[in-house]
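Per-chain residue numbering starts at 1, and chain names A, B, C and D are given in the order in which the chains are listed.
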Amino acid sequence: MSTYTCELAVSNPDELVFGSAPKPVRCGFDMEIGAGTVFPEVNFTLPAMEISDATWGEVVGHYEEMARNVLKRAVSLQAPGIVLEFELLPPMTERPEWGAEITALLRRHLAAAYEKSGLKSALRVTPTDIRDQGKPPLLRTGEAWEKLKRSFELCIAAGADIVSIESVGGKEVHDLGLMYGDLRSIVFALGCLAPRDMAWLWDHISAMCAEAGGRTVPGGDTACGFANTAMQLAHQKMLPEVLAAVVRAMSAARSLVAFEHGAVGPSKDCAYEGPILKAITGCPISMEGKSAACAHFSPLGNIAAAMCDLWSNESVQNVRLLSGNAPEAYAELLSYDCRLMNVAARNGQSKLLRDWLTESDEWLSPQAAILSAPAAWEIAEAIVNAGDGYQRCLAAGHAAAGILRRAVDEGRLRLPAKELLWLERIEAGLREMPSAETGLWDEMLEKHAGVFEPSSYGWPHFDLGH
Amino acid sequence: MSTYTCELAVSNPDELVFGSAPKPVRCGFDMEIGAGTVFPEVNFTLPAMEISDATWGEVVGHYEEMARNVLKRAVSLQAPGIVLEFELLPPMTERPEWGAEITALLRRHLAAAYEKSGLKSALRVTPTDIRDQGKPPLLRTGEAWEKLKRSFELCIAAGADIVSIESVGGKEVHDLGLMYGDLRSIVFALGCLAPRDMAWLWDHISAMCAEAGGRTVPGGDTACGFANTAMQLAHQKMLPEVLAAVVRAMSAARSLVAFEHGAVGPSKDCAYEGPILKAITGCPISMEGKSAACAHFSPLGNIAAAMCDLWSNESVQNVRLLSGNAPEAYAELLSYDCRLMNVAARNGQSKLLRDWLTESDEWLSPQAAILSAPAAWEIAEAIVNAGDGYQRCLAAGHAAAGILRRAVDEGRLRLPAKELLWLERIEAGLREMPSAETGLWDEMLEKHAGVFEPSSYGWPHFDLGH
Amino acid sequence: MSEPSRLYQAILEGNAKDALAITQQALAEGANALELVNGHMIPAMDEVGRRFENEDYFVPELLLSARAMKAALDLIRPQLASSGAQPAGRVVIGTVKGDLHDIGKNLVASMLEGGGFEVHDLGADVPPEKFIEAVRTTGADIVALSALLTVTMPAMRTTIEALSQAGLRDRIKVMVGGAPVTDQYAREIGADGYSENASAAVALARRLMAARTAA
Amino acid sequence: MSEPSRLYQAILEGNAKDALAITQQALAEGANALELVNGHMIPAMDEVGRRFENEDYFVPELLLSARAMKAALDLIRPQLASSGAQPAGRVVIGTVKGDLHDIGKNLVASMLEGGGFEVHDLGADVPPEKFIEAVRTTGADIVALSALLTVTMPAMRTTIEALSQAGLRDRIKVMVGGAPVTDQYAREIGADGYSENASAAVALARRLMAARTAA
């Protein structure tokens, strides 16, 4: 049922600004996302603790407390609206009833705040993709998939307004590719495996939302397990930044597939490839940056906000800070970040603030350099002009490497020698890739025998052509 | 040796912007504060733990870890410079050698980062004002003062680049004034008691800096124990916000005294009265707002940044977050906040961003309404046009109440009935105050007998006139 | 009985002068002291607490009411004592060693007094020995500990341990509070209860008294 | 002896093909297996570790070197075994129960192998019983536990407790690591050591082996 997107939703980079998306999304309690206002998306999780029958009461207590505090803060700061994200922990997907119970709990809090204080809100629920348990992982059959499916069904029934996932199809190969700096495996994972799993998975997720009556919005997917893994390894100096940058761009070709199979946004916060997706699909995006420093460091602190429609802290544990509990503190921080963006928008100056947010980071890191509005737009255009998932992935890689090369040549981006060496390796590696994925399958089936399960990706019965 | 400041350092509100102060301060490792760039000021403290001989090794380990992580982050984000604040915990002032040991440790880390990575930096050290131990507190004699003095001496010798204090003179009366909403006691504390202690104390602090050779800068004081107490009680709905706003304005008349007795800035982060001080003295100021939500909530998240020269997180404990330890996460957050301000400044648009930061908060809280550049300037002008400390305090109170009243009358600021009632009470209370402090002393000596020690404020031998 | 209704009103409005005058007159007219307290004064303070909880009252209103209540109560106390009436409970309260902040603690003390408790306020920076001594001399039912700094929180644990070692732990209930304190921390250090704010503290103290009687 | 110098170089450059060929030739020419390992291969991996620590090498360079080392080592192993040579130590490694992440653990495993340790990698989501069984069957000196999620950290404690209950705790050293793990947490749960990153893990393993021998 797939059709590849062949043109961009925005006609030039200057149409890409925070708060506004060509296709806003209505959901939850009177929320309209991407229609001119940036809203905070507050993500919270448990402190270090075991999740078991014995501790379940305590778990519920944590979520009660977090919801209460976050919403109290949003009301007190007169936030124009708020999205809560509940990212299920693995045991809550393993036992789908648990995830559904917390979903219902959070939804109750949102309903009460809407009724009592008129606070607009929506609840995003993100089951854990637990299908990576097997070696090789089984994606389309077996207990893990059954539980994951059930988790979506129950969370949708329990009141999720938006559902998302960080899907893992292809990650088993991508991890190895990253660790060995092996571009062929990376491209195979992002361009051949992941899109096939995404298409299959998102057809299911969209169908579940539709079957439940359609009030739950299929949000989007994130290349978290791919591009954020690369970003974190780069942050720890384990991988070159240029590789992380190129992986990020290529991952957009993968994450796009969710939108081609039913997702309508807001995309998931940790999908830093969001601006590229927004340029292609016109759907609103959630982003995270400096105010997610509680969850991870990044060279994208400000630039990540430049085109966001939701602004998130990614994840913070319910630990005590001096002011109060951390989720409440982050609700405050995000609210003020959003206020500033919304003031600029109110004054007709979104683009100016966007450009400052961009200038702040753009040339201090290759990972930032490929996420400016012009760069995201250029990569987006390369993607829609390419053929199948594999070719889109390659096109994104070429575009990103080209952006970096130009910036280096023109002296805007200064890179240490070891990064330059890797940029050359990547350019060469991309040039050496076969022009069609058919040229890659046999090599990869042999090289990664036992690492991935071909039938999880429909092999050998899928259509390799466009 | 006091001379009252009689004119403003800036000629109109539009000269009040972030990053630039008429009188920049040079200190530490090649830092120039207020000369065009906003720098992060990272404040950190211990997690909940006992400080004793037995735990001292662990204490030192925490500070080592915090310094290492914060500086690593600043280098990694290419911060143009950074200020670390070490706020001594009470036991570290009680045993001055402890505070000095940590000071030396932090200074070593700054020196190493400067040498290895060229990171510009300065170390602010803030001994605890432990003179409030007695009932009534003895401010000018006794063990507490001796230890406090020794703490300053040793920390200066150990390498503090900037020293500050949150002085407590007058707080014993102010606390009671706040709790009973008793404006006469509040004005007496802020206008009569506190300025006398400040003058005496800052003469000593400035002299200690000068005697040690002058490389340590006397930074400034904060009305934290007064106006932030009121802000926190207002946040908890224990006090009206309008009272907190008027107390904030009046507290500027108090904090100004430090500058008239040797302080040159940067003022202390938690002194939200900073913009008023900057307008009067031209000295650079440190401020905190949304990125200090780890330490306390406030209705001043963005507006607090509008005129800052250092941007601080106030205080964060060395607890673990998902990304790493909290002080490192806050170093990242502040760095990005500063980058945005510095980008706007580089583009010649400081005033525009300042106005957005202001518009974000200004009419959502009376406490914000009195901190816009025009409001701060108006209060500053009222202060310098008044006579002695008492009259300056009253003038600031009148100015703030006037700003709120105009905003209410003109419909910009909407207040609930119970806040309006208190605004009226405050206006009436201010009108009923005697025109000179001589009319207040007997009443207060009787009312607060045993609460404050008159000789701690020089009574009866001080000059009550200008 | 219009006088005590006026007493209720005077306390609610925080008018100490009126509260005193009305009480004086009522006593002169032979009103029952216990009935004045239980029928009018404590209900007035309950209403004050309710308004505070609802955010209709700020602290100053609450404290002025507590002050009015206390003024009237001081007048009545001799009659109460001679009639053998007991306070709602006896509380020893203080901010633990090393901690000099006491705004929150003062609030709790006032609210408890307003709630009919006999309160012995030891002030701030109170070492464990002083709590022990106070429990012994006052026959306290409850010890209320406050801490405002994270670095002084461990002193709460030390104080509770000292009470145990002194053999007093079973005789009393311990309640704790203060900005950095959490319910979980309270349980960890073996306190009997935790209160998030001053007016919840009264309800907690009443619960602890009930549990004490039940036990 | 130019061949082993070339072996050092081949490992440093991560060239498995060369490393294999050189080793083969050296063995054919009668080189001493133990001398090849200790004199050239382990020093090469130490240099790789140093470069990684200095941020001159990224992980791919490091892993390619480790892979080259392993290829050469596999070739030599029969000779080593017959000469009675021992590995630097035997390590059982795995990510604890509930945790599916294993990039960090894989890195540590590779580095340890590169450092001359015999490594038994149990993979991810490993229950305590499997660690116990592996310790028994391999005669491990060290158990290395990894956790990447805060919610799975408690499983580290459970695993250590299970090793104690199985009576194995005294025979082995336990080292732990992973993003959310801290030195303090390691001490709390009774681990013998904590490592912040993969290359520090080798140094830690060596220290633990030395402590083991000394004890």
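Assume a residue touches a chain if its C-beta (ideal position, glycine included) is under 8 Å from a C-beta of that chain, and two chains touch if they have at least 3 such contacts.
Keep in mind the model is a prediction, meaning the values are calculated, not measured.
Listed by label, the chains touching chain C and chain D alike are A, B. Chain B and chain D, compared by their mean Cα positions, are separated by 53 Å.
The distance from the centre of chain A to the centre of chain D, with each centre set as the mean of the Cα atoms, comes to 34 Å. Centre to centre, using the average C-alpha position, chain A and chain B are separated by 41 Å. For chain D, residues that reach two or more other chains under the stated contact definition are 150, 180.
Multi-chain contact residues, meaning those touching two or more other chains, occur in chain A at positions 317, 320, 322. Chain-to-chain contact here is organised irregularly, matching neither a line nor a ring nor a star, and falling short of all pairs touching. Of all possible chain pairings, those that touch are A-B, A-C, A-D, B-C, B-D. Remark: chain A residues 320, 322 touch chain C in the complex. Residue ranges on chain D touching chain A, taken from their complex, read 55-56, 58-61, 63-64, 98, 100, 103, 106-107, 123, 125, 149-151, 153-155, 180, 197. Those residues of chain B that touch chain C in the shared complex are 46-51, 89-91, 130, 132-133, 135, 175, 178-182, 229, 233, 236-240, 317, 418, 422.
Residues 150, 179-180, 182 of chain C are the ones that touch chain A when the two sit in their complex.
For chain B in complex with chain A, the residues that touch the partner chain are 73, 76-78, 289-291, 293-297, 299, 301-302, 315-317, 319-324, 326, 328-330, 332-333, 335-337, 339-340, 343-344, 346-347, 349, 352-353, 356-357, 359-361, 364.
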